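Below are structures written as structure tokens.
Presented sequentially are two complexes of subunit A, the first with subunit B as partner and the second with subunit C.
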Partner chain A sequence: MPIIQSRKGISSRKSITVYGLTFSLPMLVWQLLFFLAPLLFLIALSFWSVRNFRMEPDFNPDNWVRMLGRSVFWEAYFRTLALAASAAVITSALAFPCAYGIAFKLSEAARRWAIFLMVIPFFTSYLVRVYSWQIFLSDNGIINALFAKIGLGPFGMLNSVFGTMVGYVTLSLPLVVLLQLFSLMFVDKTLIEAAHNLRCGRLRTVFEVIVPAAKVGLVIAALFCFILTFGDFVSPLYLGGGDPPTLSILITDTTKSGQQWPRAAVIALMMIATLLAVAFAAVSYAYRERGR
Partner chain B sequence: MTEQALVVFDGVAKRYGSFVAVEDFNLEIRKGEFLAIMGSSGCGKTTTLRMLAGLEAPSEGEIRLAGKRINDLPTWQRDTPMVWQSLALFPFLTVRENVEFSLRMRGVEKAERLRRVDRWLERMQITEFADRNVAHLSGGQRQRVALARSLVTEPPILLLDEPLSALDAHLKVRMQTVLSNLQRELGITFVYVTHSQSEAFSMADRVVIMSRGRIEQIGNPQEIYRAPRTKFVAEFLGSSNIFAGKVSNVNGEAIRISTPAGDFDVAPNTAKPLSKGDKATFVVSGDRVHLSNQPPSDGYNGLQASVVGEEFVGATAIIHLEGAERIEIKAQKSHDELGDLNLAPGAKVWVSWRPEVTHILPGE
Partner chain C sequence: MSDFNRSRLIDWALRLYILLAFAFIFAPIAASFVFSFNVDRFPSLPLGGFSTIWYEAVANDPLVWEGLRNTLIAGVIVSVLATAIGFGAAYTDFRYKFFGKTFYVALALLPPTIPVVILGLAMLAFLSNVNLSGAIYSVIIAHVVMCAPFAMAIVRLRLSQMDPSLEAAAWNLGASEWMAMRHVVVPFCRPAIFAALFITMAVSFDEFAVAWFVSGLNETLPVKVLGFLQGQVSPRINVIGTFVFLASMTLVILAQILLMKRGGASTKTAEPVGDGL
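Up next, the complex of A and B:
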């Protein structure tokens, strides 16, 4: 009897696996067709040659050598990296008090409203929001007009790093607040009480207990901000002025100048590799445990 | 207030809207005593402990620690460390860092911190786990970490909120010994909240029994066991037979009470003077009644009852019986004492006891 039962167990487990696979199959096919296949194509493309503004399949490492040998590339690379990292830090810092307040200070009902309000920014196109920022930030825009009233300015906010950063924050703040909020909401309240009980004051408890306890969510939120802004093309172009370029702007410039799609592919692959490395590092850091 | 009192609850109440969690709470907790607050869930025992820790503010009354009013003192300025039911160890810190936490918060300098942490790790026999993640420890080891974390600052009092309830029975008994020894060696006050009679009675010097936000009785375990004050306490402890009736005769030292189960002679209780016609409730502890085939001799109270069932509790058995008017009676006897008595369900036996072993409930 036991043998028959265990066989039955295996076959039913097998059928569950088959069942599960059937349902996950569309997703798998989608990923293969529209992510993995293009990625492989992108890798192949990066070795093609361009002759007379026409691309030819080839195995030519020249694109890599040329691209990675140019200081323009590396300047854009490190600028983009620094901008995205700054955006992750600044957005996280701006989001935290907000997420903290919603998680710990609001009533259940008010918290639901706050979450609902956080979703609203996603209703409007990001491009539209960035264009409207131009009206605020330009030299004769709303903010400088207000400054002029008290005899200050005008301040050059548009076409600067400041403008880029405003765009980045616009892009990622609601998402970062939501991600932080969901991790803060699940912090065990008795840990906070225990910290107070062990003589840790209110503000100190935030840094000693709440931040470490919510670390996974906080790091993932910052990671999402990094990913979104690292590849963003809209803010650095329309609010940052596009010069000096970020990697995404460099890609469009490269494709425009003499059909250099293979060299653009090199930049794109470098970006993907960077994102993979950063995401891996961030996730390992988020889940790293203290002690053995 | 006696000189020995470390904590005083003076007319303390706690309300949440119209819900009364604790009411009319007056208690002095002595320096160096092991006090257990016991009651079923929702009786207000945890709320009382949390008010002492500063995690809840009393709605009324005053709490004093070492003579000073602490009602408005935030918990991080009190010296009232607590051990939580969930232990509330910090999962993002190692064992050592957990124990070190409150020393760091007080700004104790590093070398001194490590010295004191090491001493406590050793005392609680968890030195070998010092650099482990707390999530990777067993229940008993985590318990020791929680105790070390709370005691490392050498506070005058330790609050414990059902800390053993998550452990298995065997480990529970071991930790009880650890706790009693620790309390005796340190000589500090332990306030221990529990719903478990065995935990409270085996460790505590004094027990407070609470029901619906109020104190039902305060006393040492023997007192409470032998002389419960109210019907609630007698029922809560579960080992007594309860008879309610009316005084039919008072003759010097002898009081006769008529109950639906019969008329019985009862020993007077100075805490509850009775005269003819008064309502009275008395108890007889289950281990003090005799069972027999014969009616009792003179000087004994007796009634005839039929056996309902038998329940074995290790070396003793609890015989459940039913008297007149379906009155429930329990008798706890060793197997020897039962002899060849017929205890088949439905069998008739005589239940008897001497008037001296009865106890009139003063609170009824």
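Up next, the complex of A and C:
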């Protein structure tokens, strides 16, 4: 079996050339060295020990035993899991009517504008938007000032799960809408027409024809929302109050407040394992019984 | 779509819903713009008087200038490196088949899916172990890892529109691989290359988490903002936010214009081939 073969017969140069390596090697070297190696280093680091505020290379399972033996860790773990799962469900539900409307109810030109506007938030500072939500949600902020005009409130919205969710939705809504939109746009229109011709009602068409046809995209969108929110420390800290902490807050605290990096590495590895498990489950669910 | 099963009421309700979604997305961006001109320290309604004192406060803050300088240095170098690396990876994926290609492509595209706290911790631990942490180049190293996948995706998309026989034709006409690269592939990808430069720069400008972990005392502007956020209420965040928003938008719109020209440019960029050879 040839190791290297070009797509076109005319260009078949079946050897490794300087030319080819010039283009392929930089990415390989850079990402092996500065992406894969640091992640693998986390595994080694999680077995290091800390003595007199100094880290020493070691093979000591102590960090694992201590972290996994703490109820604080497990509370944070399940709390983070529940928050991210709720965010995935809530954001997907909020995004779907929006993506559906953009895909099926807007003109071609309006749709292109909508997509452009959805991309903008990726290039605005997430920190600034979170700070801005503080202005909206605080006890004497904009929303409570409006409520006060009609004699209600003030409502404590900041430093609560509600605040965290607002931040999570801010972070992930544009991406979820875009991913849902792209899968909805590729739903076979004749399927929908067929459903209509067979006198299938509007809602039934949506839930029994369109949603199953776009299932892969919808599940992937929810998965990305889960990944984004699972690792986010800004919203739970600055909108949710940070207490009790999520795993990402635990990592920043543990890392920034001294030399307990090996323990932070344990948390990080637990997060990676969880993300891999969730991603694997979501992808196999998304592609299951597609041909039905 | 057929007109059966259509209801004007539901259509309008959906359009209204789309508007509400955009209102939710743009409310914080708009508010930070409005409140950057508000005289009050504690932002609320009704608005205080119009003022530019917060802009002056930011302009007179040497820490902000230092952060801006670090951000610009990092952003420019990162965009060039990430685009070069991303271009190479995209071209490799476009042209070659080889053992382990799935791993190669996965490695090229995976970094954005790893949560930034984990990436930040891993980079900090790894880089400080080899004495590379706490400097601007630490930020550059980390940001290239995070930005190269975007550059690769953008260039790969453009390459998928290129007929592979274009390159082969150049070889048949006597061009070396290098000449074909210079006179065929690069001109064809030029809009995507510039788009990748701008997009990666914009990503680097806004990245705060990994930069916070690895930058040590050489903080970039977003890391300074994180610092402001940890401190007391300060309308300076709104000022910096407005500034960074305008800078990023300029870059994104430039990239968008370049990518929009894609369709028309495909015939044009093929022309220099004849001249060059």
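Criterion: the second predicted complex is superposed on the first by the 260 of 292 C-alpha atoms of A that agree within 3 Å, B and C clash if a C-alpha of one lies under 4 Å from a C-alpha of the other, contacts with A are read in each partner's own complex, and residues count from 1 in each chain.
In this text, a residue touches a chain if its C-beta (ideal position, glycine included) is under 8 Å from a C-beta of that chain, and two chains touch if they have at least 3 such contacts.
All of these numbers come straight from a predicted model, not from anything done at the bench.
S.K.: Can A:65 be said to touch subunit B (first), subunit C (second), both, or neither?
M.R.: In the superposition, A:65 touches no partner, neither subunit B nor subunit C.
S.K.: Which of the two partners, first being subunit B and second being subunit C, lies in contact with A:132: first, second, both, or neither?
M.R.: In the superposition, A:132 touches subunit C alone.
S.K.: Contact-wise, after the overlay, does A:101 reach subunit B, subunit C, both or neither (first, second, both, neither)?
M.R.: In the superposition, A:101 touches subunit C alone.
S.K.: Would you sort A:213 into first (subunit B), second (subunit C), both or neither based on which partner it touches?
M.R.: First partner only, subunit B.
S.K.: Can A:204 be said to touch subunit B (first), subunit C (second), both, or neither?
M.R.: First partner only.
S.K.: Once chain A of both complexes is superposed, is A:188 in touch with subunit B (first), subunit C (second), both, or neither?
M.R.: first
S.K.: Subunit A residues in contact: does subunit B have more, or subunit C?
M.R.: C
S.K.: When the two structures are overlaid on chain A, which partner does A:196 contact: first (subunit B), second (subunit C), both, or neither?
M.R.: After superposition on chain A, A:196 lies in contact with both partners, subunit B and subunit C.
S.K.: Quick check on the superposed pair: does A:273 touch subunit B, subunit C, both, or neither? Answer first, second, both or neither.
M.R.: Neither partner.
S.K.: So which bits of subunit A does subunit B touch that subunit C touches too?
M.R.: 193, 196-197, 201-202
S.K.: Which bits of subunit C are touching subunit A when the two form their complex?
M.R.: 1-2, 4-5, 7, 10-11, 14-15, 17-18, 21-22, 24-29, 31-32, 35, 42-46, 84-89, 91-92, 95-99, 104, 107-108, 110-111, 113-127, 129, 141-142, 144-145, 148, 152, 164-165, 167-168, 171-172, 177-178, 181, 202-203, 206, 208-209, 213, 222, 225-226, 229, 237-238, 240-241, 244-245, 248-249, 251-252, 256
S.K.: Going by the contact rule set out above, which residues of subunit B touch subunit A in the complex?
M.R.: Of all residues in subunit B, those touching subunit A are 53-55, 74-77, 80-82, 84, 86, 88, 90-95, 97, 101-102, 105-106, 131-136, 149-150, 153.
S.K.: For subunit A, which residues count as touching subunit B in their complex?
M.R.: Going through subunit A, the ones touching subunit B are 188, 190-191, 193-202, 204, 208-209, 212-213, 215, 289-292.
S.K.: Okay, in this complex, where on subunit A does subunit C touch?
M.R.: Those residues of subunit A that touch subunit C are 3-8, 10-11, 17, 19-20, 22-28, 30-32, 34-39, 41-42, 45, 94-95, 97-98, 100-102, 104-106, 114, 116-121, 123-133, 135-136, 138, 140-142, 145-146, 169-170, 173-174, 177, 189, 192-193, 196-197, 201-202, 205, 227-228, 230-234, 238, 248, 251-252, 255, 261, 264-265, 268, 271-272, 275.
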